[in-house]
Amino acid sequence: MTLDTLRLTAEEADRLLRTKEISGAELFAAYLAAIGERDPELHAYLHVCENPGGDGLPLAVKDVIGTKGIPTTAGSKILESYVPVYDATVIANAKRHGLRVLGKTNTDEFAMGSSTENSAYGPSRNPWDPSRVPGGSGGGSAAAVSGGLAPWALGSDTGGSIKQPAALCGHVGLRPTYGTVSRYGVIAFASSLDQVGPVAKTVRDCAWLYSIISGRDANDSTTVDVPTVELPAGERLDGLRIGVPKEMNGADGIEPGVTEAVDRAIELAESLGASVEECSLPHSVDYGVACYYLVAPAEASSNLGRYDGVRFGLREDGADFREMIMRTRDAGFGDEPKRRIMIGTYALSSGYYEAYYGTAQKVRTVIKREHDALFERYDVLVSPTSPTVAFPIGAKIDDPIAMYMNDVLTIPSCMAGLPGLNIPCGLSQGLPVGLQLVGPQFAENTLFRAGHALEQAIGFDGVPERLR
Amino acid sequence: MARITRDEVLHVARLARLELTGAEVEKFQEQLSDILEAVSKVSELDLADVPPTAHPLEIANAWGEDEPRESLPLDEVFANAPERDGDYFRVPPA
Amino acid sequence: MNVAWQPVVGLEIHVQLKTQTKMFCRCRNGFGGGPNTQTCPVCLGFPGALPVPNRRAIEETIKLGLALDCAIAERAVFHRKNYFYPDLPKSYQISQYDEPLCAQGKLVVPTADGGVTVGITRAHLEEDAAKNVHVAASGRLHGATATLVDFNRGGTPLLEIVTEPDIHDAETAKRFLQLLRQTVVELGLSDAELEKGSMRFDVNVSVRPEGSGELRTRTELKNMNSFNFAAKGIEREIARQIRIYEEGGTVEQETLHFDPAHEEAPPMRSKEEAQDYRYFPEPDLVPVHPPDDLVERLRAEIGELPGARIARIADTLSFYDADVLVTGGLDRLWADVVAAGADPKEAANVLANQFVAAGVDPARVDPAELAKLVSARAEIPRAAFDEALAKTGDTGFSAAPYLEQKVVADTGELDPIIERIIEANPAQAEQYRGGKQGLLGFFVGQVMKETGGKADPRVVNERVRAKLG
């Protein structure tokens, strides 16, 4: 049987396996073949695995997630030859459910970026238009899923790194409620923001993968118990109260084609029985990016301290310890991590802490409170995920701030630890547009229900036109 | 205007143990100044009675029991070591 | 112009807790196997590793805080202290900064006239660094070295205690450290052995004119690994600073690194650059809100601490005796021996002196038998007493057989012996009569020898005096 990996969902692949229409080996081989065919162009993968045996579903894994015995680079030269000796908890959970690691996907270095252009190993390409970015930092997983090179994947989201690539590549991505998925074994970027999440073709697949990886972990003391995941099945949205924050939907820089596609989706939601009302996030959008680009780099500057050439990773020569680590870190980190380390160090440094990091943590409280207030009246907040469709490779790389603004719509809910789901809602200029649904903490089931019904109604064809 | 001086760039680079070239210092000074200006926006808000948020979840007292678990075998401890000397990690003198 | 100077001393003490596992991972804590055999991704700082706090370490910190009369924080937070060093795998230490578990306590150091109250600024919990071993690289001509790192120690739970600058002399500093050590050991928190490094301390020293409340520049003394060494080092530093001020100079802020192997050697001085640790709340850990019932349970487990016991027992005995007994770990035995009928002062005397010299383990002694021995001390020969005392730790010891041996106190028996000895040593007798009173001991000693130790030394003493005139 020839498998159309571009169309095959995890749910469908699982059915084929259980009915023995295909074998585990055939399934894995089909993806390897697709990778052989399209990955030279897409560069979704940094490492492709051999079939480990068994007949579980293959899973692509973003290269910031530690996989025992499989190289894990975080998209950086400083970890070029690093092979973890332990699995991240999410990988252990996946393996317990029989999933097999298909390969490690490309990422902006240390998950810092919105395009994968910051990867030390070269950018990944958008399957809809390979001259354009797939988004980032999880562009590799996105290109893999949309490019038919994996049925589903794991990503990580700090400021939008799952949701934004999902929007740009036209598939589903969930950023879970903070604390519902373990970070143990995941290379840390910003500890109070990082979450691992599912990247998939459908909302049902997404929900299923979330149920596999989530749950309190004794190895991660910031995790909590998770409500039981319900795989969504309904078609209607009766009773769902949708809020449309005007600052999100009217933010600077949103392309008209994006607004149009999102507006149509909102109208569709209404026709499915949801109530829709405009609302306001007075400061969250305006100050979210500034807040994020203080908190995240501060935590990152500390998290990246361990890359010192002592116990693993790159080591450059030096006459003494200090010289060795200065050279190692200069050689091993690319520009974006260096920028963030320096901004972060500055924000935490003596004399500046209160003005920068301390203030940002207070702004974070403001953002959280504004969202909490809205969730007393609404079940879901809706907006575009990304202000633009996929932009050309190279277009924003020399302008860090322009690059940061890609995350203006995904960042606010991240700061508040809230879950967010991206579903594709249409095309603009032939490229996918993503709809972001944000819920209160632990409201994944609401997001899945809403996302699934909308997904069915929208009927977006996730296979890139040029690959059909 | 929140510009960062060359000395400040050198200072944070030293604190973060990054050995920057002269050209890098110049480039980063420019970029960091732009970023700093953008993020300084946070001080525009009135945050008088707002407490900081260190954690998105309000949880406390997450502890582990004092019961030993197996440590890593030495071959795993050193699996990625740049320089192993017997059963020690070896580095240039500190 | 003579100014009276007051030394101002503060202490910073680190105590390794003897929990089963490390502070943030469940590797075994303590000495064990070879280098790097008690490590895991967490204490090695591997990418992706996360800390999980040790419940017992938190409880023990609270317990010590209660023992030091501290207020236990309603909300305590761990902070990251960022710097780079080979023994610091994450390049930050998880510690506590401005929200420690315990604060504002005190420890009273008992003295003969009441006691010195030393304020405890704070007691907090953190992780210990790993161990660097600096070696000479073989084959190199110019003493080039390398650093070898063993991460076994890394992650050991460390309790840090900081005092107010309430100590004003070296002796009090020493006694404070001894008392703190004993408190920690009695609470079962640590072995607190200076030579092994399970207790370490730094001393901050400055001086000021007596009566002024100012705080002048202080120097930090590090790496002294015995209390006596510390007292001497502190005294020297006090003297040095006074000399400087009296010569019109200023004291520089410096750190003095002592060499534990060479106490007499002058310390190395360094002006360490002010480090910017960029403390911020540890995002991988959630706050600690000690529950009331936990705090009360821990408080109830504490019992009477050594400082309080010294003060209490000093009501019955002299301060000196009370101090010796408690700090020698003998006061419990003493209380039991007294309860079994011995005189408190005699019992204290025996325990503080001969008992300690005999090296018997107080835990193995039957207090009732020891009480009998103490009570009969004047009546049995010294040799018999000493022999019996040495055996009091033996299983099933009975004082009875030793009590049967009586001293010879009968002057009728002793006088002839005494006379004989005086006659045999005319020169010494002459000298004694001429003023050398110390020779009394010589004669008494001779009589004791003659009688195989069985004579009653008091009677001999009296009779020799009488006979010599």
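In this document, chain identifiers A, B and C correspond to the written order of the chains, with residue numbering beginning at 1 in each.
Heads up, the rule we're going with is that contacts are C-beta pairs under 8 Å (C-beta built on N, C-alpha and C of every residue); 3 or more make two chains touch, one makes a residue touch a chain.
The model shown is predicted, which means the values in this text are computed figures rather than measured ones.
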By number of C-beta contact pairs, the top two chains: A-B
Closest chain to the centre of mass proxy, which here is the mean CA position: B
Centroid distance [mean C-alpha coordinates] between chain C and chain A, Å: 57
Length of the line joining the C-alpha centres of chain A and chain B, rounded to whole Å: 22
Centre-to-centre distance between chain C and chain B (centres being mean Cα positions), rounded to whole Å: 40
Residue numbers of chain B (touch at least two other chains): 15, 17, 54-55, 57, 59, 62-64, 72, 89, 91-94
Where chain C touches two or more other chains, by residue: 41, 44, 52-53, 84-86, 147, 149, 276, 278, 283, 285-286
Shared-contact residues (touching 2 or more other chains) in chain A: 82, 85, 192, 218, 221-222, 301, 305, 308, 310-312, 321-322, 325, 345, 349
For the chain B and chain C complex, residues of the former touching the latter: 15, 17, 54-55, 57, 59-69, 71-72, 74, 77-78, 85-94
Residue numbers on chain A that touch chain B, as the complex places them: 81-83, 85, 178-179, 192, 218, 221-222, 224, 283, 287, 289-291, 293-294, 301, 305, 308-315, 317-327, 329-330, 333, 338-339, 341-343, 345-347, 349, 355-356, 358-366, 368, 400-401, 404, 415-417, 441
Residues of chain A touching chain C in the complex: 66, 72, 74, 79, 82, 84-86, 88, 183-188, 190-192, 218-222, 298-299, 301-302, 305-306, 308, 310-312, 321-322, 325, 345, 348-350, 353, 357
For the chain C and chain B complex, residues of the former touching the latter: 19-21, 25-28, 34-41, 44, 52-58, 75, 77, 84-86, 132-134, 144-151, 276, 278, 281, 283, 285-289, 291
Touching residues (chain side chain C, partner chain A) in the complex: 41, 44-53, 80, 82, 84-86, 89-92, 147, 149, 276, 278-280, 283-286
